[in-house]
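Here chain A shows up in two complexes: once beside chain B, once beside chain C.
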Partner chain A sequence: MSLLIIVLIVCIPLLFLAWLLPEKWQMFPIAISTAVFLGFVSPASLVILTTSSLITYYILNTHGSKTAATMVAVVLVSSILLIFKLQSELNFNITKNKILPLGISYYSFRQIHYAMETYKRKLPAHSILEYYCYLFFLPTILIGPINLFQPFVKDLRKRRWNSVLFSQGLERILYGMVKINVIGNYLLTYKLNLFCTENAASQVWLTTYLQVFKFTANAYVQFAGYSDVAVGLSILFGFKIIENFNFPFLAKNIADFWKRWHISLSSWCREYVFFPFLSITRNARISIIISMIVLGIWHEISIRYLLWGILHALAINIWHRYESTALHKKLSKYPVFQNVTGVIVTLNFVMLSFVLISENSLSQSFNLLQTLLFLKR
Partner chain B sequence: MTYSNINTLFEALQQTTIRNRLFAHINDKKITYGQLQEEMEKLWSIFQKNGLRKGDKVILSTNDDYYTTLFFLAFLRYGIITVFIDPNVPPKRSIAIIEKTGANVFVMDEELFVTRLIDANSTAFYLKIQAATQKKGKLFDRLLKNKKETPAADELVFPAIMGTTIADSHAIDTIEDEDVAYILFTSGTTSDPRGVMISHSNLFAHLHTLKKVYALNENDHLLNILMLYHADGIIQGPLLTAFNQATWIRPFRFDLSNIGDLFNSIYKYRITHFITVPTVLSFMNKFHEGYEDSFQTENFEFIISVASKLELKLWQDFEQKFQTQVVNVYGLTETVAGSLFCGINALPRKVGTVGVPVDCEAKIIKENGEIALANETGVLWLKGAHIFKGYLDNQIDTEAVLVNGWLNTGDIAIKDEDGFFYITGREKNTINTGGINIYPEQVTEMINTHPKIAESICLGLPDENFQEKLVSVIVIRPDEQLEKNDLIDFLRPLLEQSQMPKNFYFFDNLPKGLSGKIKVNAVKELIESTHNTSTQSGTAISNMIIIEAAAEAFGMDKNQIKMSDNSHSLEGWDSMAHLVFITILEDRLKVRFSTAEMMNMNTLTSVEQIINEKLKAVKI
Partner chain C sequence: MYNLLTKVMAKNYANILMFLWYLFLLFLVFRYSFIDSGRFKYLGY
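Moving on, here comes the complex of A and B:
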């Protein structure tokens, strides 16, 4: 049974408790169930999350110097994440099967967000229980989004039963499941794959292109589907969490794409990587490259994700440079043409960039790219 | 359904369909109309048993919001006159009020009997209200078999006495329209306080008006966290709620630390109307980050701003930022609560005015006694069924303000050609700070009792958050020295918290006219000169710079950008443009932003805040 189904099943009794218990007790079953769930499926994750959050909360809320406390918390959480990410690439083992502790990429970034917001003095007064409710929130533990602390606490304090919202939540879960199973698993993975296999010999370029499209589209619908389920479940519990996707394939340029694709991660990188580096270097281009590298290796510490991040950074920089050219200004007089061209170019760039991460090795990726770019038959 | 008086109102509230409806949510306590009725009937039983009759005056003074409400409604119902004395009023003034009313019946917090020197045994009737104690867990209660603490049989201690009382709804006197409903002391001097008497007909006439203009019904949830010892708290809170069989929400008392909870309350409690004062709106406007959508709920209708002048800028900023409607109400304690209304859908609307009179007449009388034409200045007079009966035992003052049914408000106003009224000043010497009227003479009188002070005057100066602030200007006796902190310690038992001057200025002498009277305007100039307040209009300047820089950086027209915009609402505000924006600001303002500051600059208002702090630091 997939973890998503387990989460959905666990949520059914939790929903009753989350709405029927006296108000002050409503959140505890969710946090406790999340801990139990983690304990069963990934004990390492439970230990890491419990201890790291306790330490960082203590440091951030008791240390006199917020700057020093933030640095310690960020270094600590990043180091843990880095070590676990590196074990799958380098020759050492922490966990038996080199599998990342469940949800570590998401909750580590949530903890860093919490630390950085403490540094910015942007957090409302809150208790450790509220912090734990935020970190041990079942709907977002599996696959994000990297939801923010302030809106979570706001919802925690103002949540109430709302039948309209509840039905919206159910609807979102349904949409998510349709995206994952009907569009992702059936149409893209099964049907399109079948078409590509049948025509692979006669239509090499077309089927290669469709395979690349399939990977990109499937990545989107699967991830967006999981995000829909997370958003829907959160709504059922009375929380509105950040949307992770906003029709990314309609992006008019690559900068626009990153405002629509994996929004919680791109916003995180903008807030906690781009801005700090920008303030230090005063160089937006370098700050973009660093941000996109972090965004890339967040997925996996590997050469392919590094290259993927750099490629997107270069594309964003090129786009910004192009924006100030006379050609762009001239084309702005024809918005329909510019927008349509922009959407096509951006989508194809994104698809091509995904070739870098869709294949098992870089040489396979380059082979595929050669075919797509008519460099090889 | 509307009710012409208290008799018909409470008869209607006895219907079984209403009894289960929630009347109030106060702090963590929920009270249904049924519970309210039952507790009122128990009180009636206690009143009867102790000889309390229609027309008796009772001093009501407790810190408990529910008990204040319960007793007030019960007194109204049974024709007993409530004399409100804020429990925080210093002993000297409260004793003067008690003496003035001649009341010999007291319902007060237990400790107030001591500070106000009331000997319970010499009163006609008293109820001592005990503060609620922390409840023990029921489990431990059972295990330990704790017996309830019962007061001595002859002690009238509330709420313990309710446990042994049986509800009674018989032999209730019929309340007449001209019976006095309550007395609120708002002005006069400490030694000669002035009590505003409101009759039942005044009250119900105005409740009808409020119901009509706010279009209230039984499904409404009114959020009102104003002080209950002021008309806008008690009348536009529990009473207006009961009149509409609606629900009153008062989850906490306001302070700055729970401003987030105030925003959250709108959704959490399904608020339809939020009754508040401009000072609270000003703080909400300032600490808005992340709460901009708070009023976008399926239930919310509008905000009702009462008690003090709603500045045009705050009004416009607030409506724009929160995308909601603010209604401005002008009224006095002498008019129950309101008189003129502006901003309600059914009425003509002109932001920046106090609107138009509803269910009453309004006229402006010039200095020469003639009625002012459009755009001419004069004193505002009001006439209507809601105008008070008069001041308690004070014929002279009553006749001074009530002439042929017309009330002299003491406020300077103009009416424009469209019939909208503007309040431009004040004839009477009052200061409105955060919605609370302060009478400077009361404070001056107390300050002058200090043996080291030769003379003093209290006056109001403009204040960004509280609209006005009270300051005191003092001349110390020759060869004497007086520290500010010593003076504050001296004044603390004599003044209410809101009466304590925010600043003290010490001078060798004060400018006086030929008659020897202190010249208020000259004193204000004196303060100005010591201040060296060369603040110009700093906010306006920085706003202009910010919008210009944003327009340049984000490639937009200045007119398209509002101070309420943020990095999500402005399409051109991307990572590259952010650097350009910051660089422009740094160049123009000759400052350099730190990492933390740059990270916080994601809304134009946060940019404004950071710039203001930065510039302030540079000046220092």
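Moving on, here comes the complex of A and C:
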């Protein structure tokens, strides 16, 4: 049974508790059951998340110097994330069996967000229980989005039963499941794959192009579907969390694409990597490259994701350079032409960049790129 | 979609159509839930 189905089943009794218990006890069952769920599915995840979250909270809320406390917390959380990510990619074990804690990429970035906002003194007064509820919120713990602390606490304190919102949440979960199962699994993974296999010998370029389209579209549909389920479940519990996708394949340029694709992660990188590095280096291009490298290796610490991040950074920098040229200004007089061309170019660039991460090795990716770019017969 | 339906037909018919639409989607979800999505099953990490 997939983790998503387990989460959905666990959420059914929790919903009753979250709305029927006396108001001040309503959030306990969610946080506690998330801990129990993690304990059953991946005990290591429970130990790591509990320990790191308690240490982070203690350091940030008891230490006198906010700067030192934030630095220690960020270094601690980043180190834990790096060690486990490197362990899963490279050949070394820090535990008896190789493990990658569930949802570690998401909750590490949530903890860093919390630390940075504490440093900026932008957080409302809150208890450790509210912090614990934020990190141990079942709908978002495994599959994101990287939701923010401030709106979460606001909803936690002001949530009220609303039957219209509740039905919207159910509808959202259903649409998410349709995206995952019907469009992603059936149409793209099964049907399109069948078509490509049958025609691979006679139509090499077309089937290669369709395979690349399949990977890109499937990545979007699956991830957007999981995000829909997470947003829908959060609505059922009375929380409005950040949207993760906004029709990314309709992006008119690559900068626009990153405002529509995995919005919570790109916003996180803009806020906590791009702006700090911009203030240090005073160079937007370098800051973009560093942000996109962080964004790339967040997915997986490997050469292919590093190259993927750098490629997108270069594309964003080229786009910003192009924006100030006379040609762009001239073409702005024809918005329909510019928009249609922009959408086609951006989508194809994104698909080509996904070749780097869709294959198991870089040599396979380059082979595929050679076929797509007519460099190989 | 519901708002659109209520503009072109009576609310009762719109409710029935929406109910049937959800049933159809549920059927599709269960019908194709057996297919594995390959590497995307690791999204939880």
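Methods note: the second predicted complex is superposed on the first by the 373 of 377 C-alpha atoms of A that agree within 3 Å, B and C clash if a C-alpha of one lies under 4 Å from a C-alpha of the other, contacts with A are read in each partner's own complex, and residues count from 1 in each chain.
In the analysis below, a contact is a pair of C-beta atoms (placed from the backbone, for glycine too) under 8 Å apart; a residue touches a chain by one contact, two chains touch by 3 or more.
None of these values were measured; they are calculated from a predicted model.
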Item to complete: Name the contact category of A:L3: first (chain B only), second (chain C only), both, or neither.
Response: second
Worksheet item: Which partner does A:V164 reach: the first (chain B), the second (chain C), both, or neither?
Response: first
Worksheet item: Taking the superposition as given, does A:K122 touch the first partner, chain B, the second, chain C, both, or neither?
Response: first
Worksheet entry | Partner chain(s) touched by A:T62 [first = chain B, second = chain C, both, neither] | neither
Worksheet item: Just chain B (first), just chain C (second), both, or neither: which does A:E271 touch?
Response: first
Worksheet item: So, A:S363: does it touch chain B (first), chain C (second), both, or neither?
Response: neither
Worksheet item: A:V182 contacts which: chain B (first), chain C (second), both, neither?
Response: second
Worksheet item: In the complex of these two chains, what residues of chain A are touching chain C?
Response: 2-4, 100, 102-105, 142-143, 171, 174-175, 177-178, 180-182, 184-186, 189-190, 218-219, 222-223, 226
Item to complete: In the complex, go through chain C and note every residue touching chain A.
Response: 22, 25-26, 28-29, 32-33, 35-38, 40-41, 43-45
Item to complete: Mind listing the chain B positions that touch chain A in their complex?
Response: 257, 260-261, 264-265, 267-270, 289-291, 298, 574-576, 578-579, 583, 593-596, 598-600
Worksheet item: Hey, which residues of chain A end up touching chain B in the complex?
Response: 116, 119-120, 122, 124-125, 150-151, 154, 157-160, 164, 255, 259, 270-271, 274-276, 278-280, 282, 284, 287-288, 291, 316, 320
